[in-house]
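Going in written order, the chains are labelled A, B, C, D, E, F, G and H, and every chain counts its residues from 1.
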């Protein structure tokens, strides 16, 4: 609860305009909404951290996802669920035909997406290889759903440095660069050494054997010799997009 | 090599003002300086990514550190070495009496630190506990050496939420928040849910047993339920400061 | 074997009321029952540790589960099997139509559940997110099957502290608090710092990437900066319920 | 902040007895004390969770430890610092001669320890082997400093079951049993199957090779086949004592 | 190649009874048989280490398994393949109707099993719980196929010590005890402290969460406080049986 | 970009034969080809590192694989995709009937394979067991598709040293030896001690339990006591073949 | 407690020769001796498992070690402490001048060692390299202190197979073979494939980097392709000796 | 034993020139020399794998190192011990004043180093940073002691790509490139994509936190997206040099 709100409320209590019980209720119930008995939607989040609440689809039933999508759309005009499998999506759409499924990033949306700016600051979303696309498009689509301009720069892994260097100008123009890479994740270090903008490194689980589900790329990115590379969880396109939003405020 | 520089060079070659061999030399040698035969100082880094080169002290001999400090000071007016042990520092100071050692953050500097702004945007550097101070001061001192305003908010670990909530206003005013925490590292998630600014989480090796040298805090921060928390390596105050600089451009 | 029982038996032997061979048999065979040749039901457990034996369903055949349910119901009036998949449950119900399957917590019961107290001491079962419900309901249902009052407090993860703080009064009234959380598991630390009751932390495998199947939450909870948080195995709702029972004796 | 306090404060504001600004200050500053600029002592903790704040000595300077001991003693009459090395202790005692060092549990105290009850409920602190004593005595000493009766039962590891079974009666009489064991940590499972009281398992780093600093015992205890064993961090005698205190309220 | 064989061969060469080329061929080709081009059956193994070759079924095609079973049966009268899934077994049986599938231990046999001794030395195969049976029956069946007497002692996990102690006499009579246990694997330590015979500990993957696929039991068994416990790989019933055979020679 | 090409280009610019803009375009676009917007084919790779680009099939859609196969075949006459599942292969073949699927090594090819030399230097591809064949045939087939002579030496694991020693002569004649082994991977050390040629060790995920998906073999090979053994990723037949090509230049 | 002893005791109670209380005391107190309050010496162990109790020196004070050595010598004529550092040994010898320190295996003994048989069955203790000697000599010395004949076969690592093959005859004559190896630990597999006797594999922490303190050798040995290799903990010469004793009964 | 030698020996036996016993002795004893009873020097190694035996200093006593250096020098004219600490070196030099210690690579030599070729094929030893020099110089010095030409290219980490690209021509001219890098080890991937020669990647333990002693670099290198990169153990300059020698035969 922000100090301003608390001050205002206290003043209303002081002025006798609000009773103590009512003030207690406001303090307790205002910022979220209880759905059935299993969820508390954090409508306040957008005011607090600049991002609307997003539904984490994994481990939820289709009924829960549908119910939460409806409530968030009612509040914000647009609702988003991530990590929704094709099976879950189909079941939700049976309940909620207006929901739209984006298969590659496994995102389900309900409601109206915003118009995107044709120019101005943009986020570059770069991938090391084609197999990193599902994670990269999760980040890119979320940024677009939140109204940001995105440019994708795909398949510029360090095994062919000329492909990367040819994109250097575009990379240096970006307000934020999201680097999505599996295997050894070296792209983050190289980009981190080329641009001055914040570089957000997303390790992916692309690889096999001693990649250990993305651990190799994660550790590499955390140990980047380029100074000041931000790392998020493995395959966490959502986290990268949210972090980019914090930078772009 | 930036496109503008390349264009200019090509134009000089076209005009016959520069020979092909000279152009090749420029392309090859311009942006760094070789020191003895063991180091190549990246003077270009500051232009490229907005940060001067910093010497990583661990595993270097006192002679190497002293030599590199001198060359970087000659170029920039101020040189910084991190991860310098008390023993190394003493040996470097024997060679270079003007070097100044900051014991808690283990930083050695040579040259003139910049004046700091008295107000304006600031970086909040928050610690969960007093034992996290060495890492936090590494970040804070570097930011000050790079000319940024810093406010320290210490000992606000989540076991006493009221301590943290009392600092909430200050946290929400920061341009960037660096959260330094060991043990379970939960402070990053709580701060990430309270502020809209970029939150940079630095796990520390404070703890024992199943902390596994900071692994517990690192994994916790990577899995933060607060959206968009940037993570850097364990005990990496330097990385946090560098990432903050990228945000503050 | 308890000293009292042994004393009594020795007295009977001393008095000639029991032969040596009979005493040996009692000592050997009393406290458990052999089922087919693959299981020894520990009917004595309830006397010894205050909890009836529960069947661990994973890796057992439907026939084994059905047989063990029958024998435990015959002894206690109610039998419980945990970690029973939907497929296993269906196969057991074909053999034992009276068995009841609880799909979310994956529990199969046979026999009569006890009546629950309408008020008095209760166990609060709190979840960080909706995806933690299967584990939380395993704990809650078991406690209810063992006759305890439970109040569920769902979706109070630390990314929206106001949701948690609004439930603080309820949390402080509980006799025991079970905190069920995946991802970074920070809820355990925050609750541990708010209440004086025993806090039982259950890490869940909710998450992906560097959650490593719940390892991140487990390590975080083990390293909690709040003093005196009890940790059980990942996804171990059963263990949390059993531990709560020990506290409630 | 508890609802009662908030209600009272709101009533005072309503009655005009307290100004809005004063109320804000109370809400913000009441429960802790800032020491120098590196620590915030949580005097409120004792009211909130039933345990006084304890200083974590690792990674703190002797000056910091001495200063914090003084402030906590001033507030509570007795202050305790854990994980204090012999070197740290000597340096603190140079500053604070009244401080008392307990070498085996590495605890430093200042002030008056409470009298202990001669009988009544007790905590049993059991070790698997003599090498587990440092951790066990950390738990036992803290419980005594907090006014609880403790009985030590040493060297009853499962390789000689008769040693353990001979102590069974004493174990079953305890209000809480703390089991301290390294190597394979099997003692926790066996005790967990013998007694109905809460069993708190403390894995220790006693062992070598594939003990991996206590990981083997930790994992074993988390996977205990005895239902409802509470686990704390490796070598965490402090956590075990704090958890026992929660049970004993 | 044994010294005796080499001596004999050299003598034959010395005597002119064997040519140099023929001797080379013997030295090269004698002890194994090439099947198609993908396998070399080690018929010599039985002479060398006292155990016939066993086919490791995982990762082999049904054709390969069938072919190898035929060749080994031709040589030995009985052939055994382990780690054969139900699907593989069905496909092999389509090619080789005489093959017999043992579903619980996932073993496929072809040919005549030996008669078993009615009394005399026996191997005790003990399980902690019913879910450990697949691994235990792999060990037991192999021992019986190799002509050894086996007694199974099931479900004697340490959470109910009286079940284990009741079997103590039988355990002490065994020539070798194989202990099969998942979760925390404590049974190996307790049995290791009760009997003088070789104790072979087989960790199983029974468990979940921090069992990490049997790692918890494996580490516990390697760190057993009972002296001289032999450990084999997780779920390795075959290895335990083979090790028992070495002891029983 | 090689110095020669750059020199030539600069000369053309100097001579006025090439404009500055055209030169910039050449520098930027020459060495790769953009396919749709998700891939950049590195046609230059063959000139640079002596190996044509190979498509990594895992995580790509059949459409992407088909499109990339076509473009690479157009450029090189032969295109190869690795890690293609049977399902993917079938879907690609529906789009591209000329594509040929090799089931065991999971490789899909399009175009004309080269003729192989009947004698001369060869690569020996040795396996420890039959279950290692899928990885070994990936290496062997790729080498043959790149025009090299390969001799397979299967099932020579160290449990039957005589099988290995019988192949010693063949192994010592090879120009390069690729050793493919799972479980404990000891074959690499033994071969590394027998031959002077480069030994490339490929750990496989053959095994179970504490093999941890090939980690045991990987660590063993990295710690080989035989000097100078080259290790590649787990199951990485492709990497072994590529490394062999570098040796054979 | 064995059935025979219990029967006898019960008979004495039946006959009125022993009172109930006295019988209880016997049952409780017979088999161990309490030393100070920190240890319970298991004198019964020798009868039960055929091995006298051995003091684990790590983590014990010199006073504790000295006291325990005296008590065990009084009971058995010879007492042994393992894992005693040179510093501990010196301090114990100051208290107990008759104690003898064996520096390489870090063993301290008190009392009379037995005479060793000049021929007959022997244990072969083989090392892969000279750096494995401290662990190997721990095993060998303990076996000799327990009266067994030992033959050491050093430095026969698999990188030079001829060194190993030259010792093959000696290895095949041993009653038990203990294989001590660090790095990749391949020696255990090769020996396991050559001899029929029980092979006890002791991984050592010899190595660096990805040896991870002996983990590489441990995993390799657990995954040995030779059937029936017994594994003990890393650097656990004591465990290997104790296991050999079980085989040699 | 090579076939040629065996053939020759058999022919001598056939011709009666060699007795059977003498032939057996040759077969058994020829290729190594026993030193004291703790080592078997593999003089044959040079013939077999093209590299003389090198003494691994870690864990050996100074006496052992000195003795082995003398014997190897007697046989080869030059002997080398690696991983020798400054303390060990000083103690060996007290015994053997002619031994020469190279402090940075921690190598001790005895005897005459060969002359080096002034031109011709060379091995490039590249480091990412100055802190990688100890490992790089271990590789470089060994190669020079084995008579090979080496060119060091230091401090070309990927955070400043222009430093690396400026050395590209030199890198492409090398017969073999050894890449020595800690932290994220990305240099190996970039170099692997630039040159056609064998690239040997040596991860170093340079770094901290989530570098986990070089694990991050090791995993990155094993997962390199550049095809055909050879990896050796962490900090294993010796292994890299030995592997380079195999390529250079």
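Things worth noting here:
The rule we apply is simple: a residue touches a chain if its C-beta (ideal position, glycine included) is under 8 Å from a C-beta of that chain, and two chains touch if they have at least 3 such contacts.
On a predicted model such as this, the values are computed, not experimentally measured, just so you know.
Any chain touching chain F that also touches chain G appears here: E, H. Note on connectivity: the fewest steps through touching chains from chain A to chain H is 1.
Chain F and chain H touch with mostly matching residues; of the residue numbers seen at this interface, over half occur in both copies. Note on F-G: its contact pairs, compared by residue number with those of E-H, F-H or A-H, agree for more than half at A-H. Comparing the CA-atom centres of all chains against that of chain D, the greatest distance is found for F. Note: the chain lying farthest from chain G is A, by mean C-alpha position. Here the CA centre of chain D is 57 Å from the CA centre of chain F.
Note on chain placement: the centre of chain A and the centre of chain F lie 37 Å apart, centres being C-alpha means.
Chain centres here are Cα averages; for chain A and chain B they lie 26 Å apart.
Looking at chain F, one finds that residues 3, 45, 129, 159-160, 192-194, 209-211, 215, 218, 222-223, 226-227, 233-234 touch two or more other chains. Under the contact rule defined at the top, the touching pairs of chains are A-B, A-C, A-D, A-F, A-H, B-C, B-D, B-F, B-H, C-D, C-E, C-G, D-E, D-G, E-F, E-G, E-H, F-G, F-H, G-H.
Every residue of chain C that touches chain D in the complex is listed here, in rising order: 2-3, 45, 48-51, 54, 168-169, 172, 192-200, 218, 222-223, 226-234, 238-247, 249.
Looking at the complex, you find that chain G touches chain F at residues 128-129, 157-161, 165, 182-186, 189-190, 192-194, 207, 209-212, 215-217, 219-227. By the touch criterion given at the top, residues 129-134, 152, 154-156, 159-160, 162-163, 166, 206, 208-211 of chain C touch chain A in their complex. Residue ranges of chain D in contact with chain B, taken from their complex: 1, 28-32, 37-40, 42, 44-45, 56, 58-60, 64, 83, 203, 205, 213-215, 218, 233-236.
Contact residues on chain E toward chain H in their complex (touch as defined above): 3, 6-7, 10-11, 13-14, 16, 20, 23-24, 27.
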